[in-house]
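Got some structures for you, see below.
Same chain, two partners: chain A is paired with chain B first, then with chain C.
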Partner chain A sequence: MNKDHRTDLSDVLRPKNVGAAMKRTEDPRLLTGFGEYTADRKPDQALHMAFLRSAQSHARIARVDTSAALEAPGVVAVLTAEGIAGDFKPVIPFSRMANYYATPILPLASGKVRHVGEAIAAVIATSRYLAEDALELIEVDYERLQPVAHAEAAVTEDAALLHEEAGTNVLVAREFKQGNVAADLAAAAVRVGGRFEMTRKAALAMEPRSYSAEYDKRRDALTLYTSSNIPGIVRDAISESLSLPGHRLRVVAPDVGGSFGSKGSLYPEELLICIAARKLRRSIKWTADRLEDVSSSSQAFAEIVDAEMGFDEHGIATSLQADVIGDVGAFSIYPWTCGLEPVQVVSFLPGPYKIRSYRGAVRGVATCKPPTGPYRGVGRPISTFVCERLMDMGARALKIDPLEIRRRNLVRAEEFPYRIASGIIWDRTGFIDCLEAAAEAAGYDQLRKQQSEVRKRGRLFGIGIASYAELTGIGSRIAVAPGMPINTGSETAKITIDSTGGITAAFGVASHGQGLETTLAQIIADDLGACFEDIRVIQGDSDEVPMSTGTYASRSAVLGGGAAKHASEILKGKIKRVASHLLEANADDLEVSQGKVAVLGTDRTVSFKQIAKAVYSDMKTLPVDAREELTASYTYDPINGTTAAATHIAAVEVDPATCFVKIHKFVVAEDCGRIINPMIVDGQVHGGVAQGIGAALFEELIYDDDGQLLSASLVDYVIPSAPEVPIMEVVHVESESAVSGGFRGMGEGGTIGAPAAIANAIADALSPLDIDVSVLPMTPERIFRLIQNAKHRAKEKS
Partner chain B sequence: MKPTKFDYVSPSTVEAVIEALVASNGDGKLLAGGQSLLPLLNFRMARPSVLIDLNRIEGLSYIKDRGDRIAIGALTRHRDIELSPLIASKLPVMSAAMRHVAHLAIRNRGTIGGSLSHADPAAELPMLAVFYDATVLIRGPHGLRMVAAEEFFVDALTSCLKPDEIVVEVEFPVLDHGGWAFEEIARRFGDFALASIALSVRRTGGGLEGARIAVMGVADTPVRLKQAERELVALPLDEQAPELCSEIIASKVSPNDDLHASGEYRMHLLKHLSRRALRTALASTDQTA
Partner chain C sequence: MTKISVKVNGKRYDVPDVEPRMLLSDFLRDRLGLTGTHVGCEHGVCGACTVLVNGDSARSCLMLAVQTDGADILTVEGLGSPEELNVLQSQFREHHGLQCGYCTPGMLMTGEDLLRKYPLATDEEIREGLSGNLCRCTGYQNIVAAIRSAAAMRTGKES
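Moving on, here comes the complex of A and B:
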């Protein structure tokens, strides 16, 4: 492990940036309060926006009366759907998927409301306080419609329709099939199955969504500062919608305080603030408060999975089938569509395993709740939860150790590339290596011994394993979301050395906590031969590269890193050509490192600064045709992308008195290919696992039968805090991928593995009581119920 | 999430506070630590016309030893109570409970007067006031009145305070505890309790001659279980005692369901805590005896 495969002699001698635990460039400003977030923007004479949000989950809007609000102090405008009807073209989350109905993105509710928290009207005033005062003066008459609060009820005949035009509440339906599942299940030595559920979750980024639309009267131009992680996609969508070309619409994501996916779609408020700024020819700001953020940002999971797995007598999983209902909420999201989360559940369900036959059917069902959208892990937290529970249930039925059954079923090193039953192709990745490394680091055999000891004393101690694989750094051949028409498969790096010798590298990525300013600079420093400190990385600004999307789907290190490597190589060629003039040496005899070019074997050097001077300022040194501008741009497309994998092992104990779960041990062995910065990789794993613990034990958005959100504050929506997150051990299995640089994406994995590992550990702990774990989060209340029911069952038996 | 418009005054005497309350015609709100009030303002659930800040009043923050009573000024911060050696020696149950109150940053601001007036059914200080049989000293336009803690708490988030009154002090009798325990379970460290119990016993020979029990999180106000105290005193102190004690306590409460826990689960927790509390209390008398 951690082996370095580079053999170039000069590589070995030179201090390397890639692979080093360098401190993050962004941290000094972020940790000392000098970050600049969208809410920190101070556009001249800005107005402030506040939203009147629906208190009803499903109702026709009979009347909106804004006249009193318009008269209120400080109010400049009150917007409703009617008032902006001619100011934009609708944005449609289009997809080529069959059986998909695309609901348009509405800046304000029009005709009816479809979830509590949907914006009906916006007040624009000289301060947020006055805007909120005026909201109270808006009158809305609702005609209540039957709420559509539960996905399973929404597919029945007599359910009300959320989108009448669609003719159904099923917004998307899809099926994956391979082999003869029915026959394989019938022939199986053991069949295990159940109904699994992961409830709705909030992403809860520390910074709520925030927008500042800054209007430039001189050019009828707009700059939108947004807490988005897809500023490039937002730019393109708003440009279309407002017929405003890119040279008059700039979208910038400045420092962004987390997203976890919830800032990764185009939002109605984001569109509206641009419409309003242009309409009023004024700059306008809006930042969601926590209540708005929880009740209007895209939410996660909310799926019910009926699944069954068949094994032969040796514990080989032969067949798998699943029917999934995804509660996708009221709207499809742009650009990913409402298919993103639920379809990914069925496409990833077979996981890293060689299961022969498969049938996975999914329906994404509209309900009167905010839309679900991307959330760290997308679909795979639940597909892994279900698949890994089934693996453990099979192991138990066949009396095979859970570690051993995974050894028998994982794709092995010699079998890559491997096409799993749902059609996804895994490239060479350390599946088995991760499993064995995690088992070793956890002291698996010792843990099992410890378990049998403490079980004798009646303690509920359990060990859970979860292995998974994910697709990362996806290129242009695979759509990030099914059938989506926009290109997310490439990334541009534009590196420039200016006349002072300063190096600026611009990307289309939009780091919102991943530390890309650091890692991309590490790559450039090595490949260009520059000093790390001399490189400034610019990202999240649509003006900097011609086309960009952002940071999502674990793509930025792979795509941005690949682009950085290629652009560095091109620029290095230019540098060498100039240096060969200056040093009167053959370009092949030159070595570039630490911002200097040296003639190999001599002490003759020239610095980047001297080179820049020769090219740009000093008109005597170089012949005219040798004065090549020191800039290089490269757009990298890995075509397919690459696999990343990990195994998580958790050891937990359930306290029968309190029904609380204590995590005694948590180990992650992950393969993210060549590591750029181990400290950042560890941080990503830690954060992801913490969120996975939230999904496994704490977090749940609870909606009642009327579609009202009951857990809308942080008192009621419980997230793990520091004492609830254990120290974890992270092992890096560094098997290089085939993409440029050998990197693999790794920003999401923590959240994929942890819920499944903890669920399996709890199930293992409770197995003496014959209890299965099929719903997450496993709150103390749920564990209490399970134990009570098991007691009743035991009593009835005796 | 911005408050409605309000005026702000910060008087330096209690008299001036009462004047301001009277002048506001029942529309004024006192601001102590602000930890409970500010969220209410931001949610526009409280819409006072004037906010009367108590923080500039001198002499409302103190912990005084009055022999058989400890007096705590209304503006005393949770953190000062938590760290007070006097509280640790004279009101040990309170001392043990304080670290369960919220998080450090909140304890640095939150006050005993604010906590009692806010009357959260799952807050520690109201429960301790009931447990100790404390007296709440209230000042209003007509002078001083004293209310027993049990009468002070009327309902969830409702005290007997009139709109023109201010809590100035809370006086706690020093108990001849013998043995005691404070037990609490919260979802996360620092959260409001799912269930909690304070229990103390005085032993004589083989049995008990006195007991005190208060619980919270299981009813609309913190409650002292006097009937359970009497039944507990009558129990023989054998190995059955903790179980029987938990049955006695359980028979006196009927917790409701809420978002965080069902009544049944809260009951399960309370029984567990009751067993543990009695064991701990008895063990601590063994040590002192």
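Moving on, here comes the complex of A and C:
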């Protein structure tokens, strides 16, 4: 399916980096233990912080006694909310959304605690061991309040309020409407619907959250090394909170061990460690242990969706309505707000389909759990799960093949740009191409034949399809989170050739596994005409670019890549102007490639090094006004951004004895536009699908009625390991997007499509037993209950 | 405080003042400065902290440093250098068997242990061997490919 876009003759002649499976620049250091993650930092005479976290889910803090802890060996300070009250301004996750209550971000719990794991006090000591020892000496008296453990109970009149001043537990409520849903549903030939749920999930990056606040006494300045994917946002927020300007507060995301969204919000600990370092005038380190990470990092999903879809007799979906209740946890997160995850569910629910009328209502409800926040796919894993289940249910009711019903409803090539019923506009993307490519790669017809064969022998074999679309590389016209005032629409690239000829490209985007050091260098190598290996990419450092937000929402290839292209072009112009002096040739007759400028059709060349020398070091070679500094900075804004899409097909088998699901086949056909590095794209899809498998089959944060987390260890919270993940086949449909470079974002898609495809496959496998799949994950326990219930129903019928 | 003597990556360390409760992972990272060994869960599930102790893979977060007195330890820093990766490291790079790199040292040490001890004739065997190491980025496919390739090179035949 790969199409060759290299129509320009000079493109064909020149070695290309974009499109090639370049080996990653990051790898040699990461493979040898020479990476530097935040916990690897060794600031001089650093202190270590440890947190006393709430054991109660909802309680007033009557008393905190830190006196014994203060006397413990090695302890330098013990901080509580009272002790730091004058040291910061609360950070408010503001939004222009109506019906939204913004809860402030506080470094330590003040007055009451609202979830198990919320930090109440911090011990700062000379070692982590001693800091943790002293935690045990802190006494906290709680006055227990009624737990608010379930979202549906939290909206009832007699529920306790988590934030009394809000007057309600509903922190956000929105509704999207188009057309007359009631009339269209009434007129539908077939109506399908149900109550769907994706339970609470952890992002579970392998590196726990980690911060190192490094204090510079000479100028009362701080450098925060943070395992964050939004170092720019963290810098701006802490700067405001601590009244510390950016030239005295540097925020760096060094090597970061995965995020998947869980390191994509400002955290209370991040704020506190800076407050503490400044207060004590010392460098301080903190790294979460796994229990802390699971019980205090932002969590995912936790939504219940009552949805209904109407079809006409030809299988055309005409109408869709949904009521969503999102269990957003105890706080609104910064900067994305508690609306991020649940509101996206209703924004994206119509998916890639031409559904005429729509009503989607959502409430984000506070409960005594950690906040939900960005997680790979944001809202779309569940919107896709629900929409794709409804598509399959409609297909079944109308006796249309699931592949065929999608053909009839997907937006077709000639219909782009297409505004779906929730208001989102899809630009030209290969929706149908992905569907057909996935079906072909999966051998769909053959799979159906195989299914009918094995079904005769009583085997529970099913095939599931899921198609979805997502917005990626969003520009300034659309806020990444609804009504959020931060500019998420642009990113800057600053490329410099220094006096030695060295090329340094600085970005604010911040890789945490995506390999941006490699892919951004590939783009620059092509557009600047440099050698790939001569380019150093710096990223995730607030000192390098004036403003940045970071890497999230599948934006860095589009925004960072676009900025890289434009900055390269500007710098290439400067290089050519200098070279035209040196080579005594017209700039139009020059070609820049592989770090050299050549006069076309001759063997006369000049290297970047010679050009740099002429500009910076020689006083005679160039006229003064031709000595332009070899640097270019460009801030790119794709305005609207672009769409990405895929179809996932899964073939699964349910073992009726163990109720385990075995995935026999998994195929993804995806359109991420022009591919920068196919090796990295495949890797992103694999990893995303594996997380989607986790969401579909295993992963669940279980909170009991008292708000206690029952699955906080990796023994109880099960993520897929190597034997559970099948071979994944990835097919690329490279339709170029309209943004600079033709790229589309693609880091999240795997996690969006896989849960829905697997859910549909399990439902298909269990359809002989008349079982529907409406809750994920489909753990063996849930499947066992469904089969038992089905057997009872069948018995009662007979 | 206890005195221990260990050999790590071929180099002998005599450390006079090790707290008996100090984890091997903390000892390697904080006392010897070998931060290539990563700590992912501290309860022995994720495998990121895997090292070889006397030739067998072990979770350094589940061992006390004092237990390794007299032992021969191999960590990721002892495999190869950025300039000269060893066979398994180079196959991880070749097959894109790492993304964020956090689980990678543990994967490599487990992989080394598997390569030294088992035939690894099938992907199932490789996957089973890796089942105690969690990766959240790669979906394992390329890690399996890297180990498969290294296993083939071990016997002299390219995969």
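Rule of thumb we're sticking to: the second predicted complex is superposed on the first by the 797 of 798 C-alpha atoms of A that agree within 3 Å, B and C clash if a C-alpha of one lies under 4 Å from a C-alpha of the other, contacts with A are read in each partner's own complex, and residues count from 1 in each chain.
Quick note on the criterion: a residue touches a chain if its C-beta (ideal position, glycine included) is under 8 Å from a C-beta of that chain, and two chains touch if they have at least 3 such contacts.
Fair warning: this is a prediction, and the values are worked out from it, not measured in the lab.
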Touched chain A residues, chain B compared with chain C: C
Which superposed partner A:405 touches (first chain B, second chain C, both, neither): neither
Touched partner set for A:714, first chain B, second chain C, both or neither: second
Which superposed partner A:129 touches (first chain B, second chain C, both, neither): both
Contacts of A:680 with chain B and chain C, given as first, second, both or neither: second
Touched partner set for A:289, first chain B, second chain C, both or neither: both
First, second, both or neither for A:256, with chain B first and chain C second: second
Touching partner for A:723 - first (chain B), second (chain C), both, neither: both
Residues on chain A lying within both footprints (that of chain B and that of chain C): 128-129, 289-290, 715, 721, 723
Chain C-facing residues of chain A, complex: 23-24, 26-37, 39-40, 42, 128-129, 204-208, 255-258, 260, 287, 289-290, 512-515, 679-680, 682-684, 686-691, 713-715, 719, 721-723, 725, 727-728, 750
Partner chain A, residues of chain B touching it in the complex: 1-5, 42-44, 185, 187-192, 259-262, 264-265, 268-269, 272
Complex contact set, residues of chain A against chain B: 128-129, 132-133, 289-292, 657-659, 698, 702, 710-711, 715-716, 718, 720-721, 723-724, 780-781, 784-785, 788
Touch list for chain C against partner chain A, complex: 19, 21-22, 26, 29, 33-43, 45-46, 48, 75-77, 79-83, 85, 89, 92-94, 96, 98-105, 108, 124, 126-128, 130-144
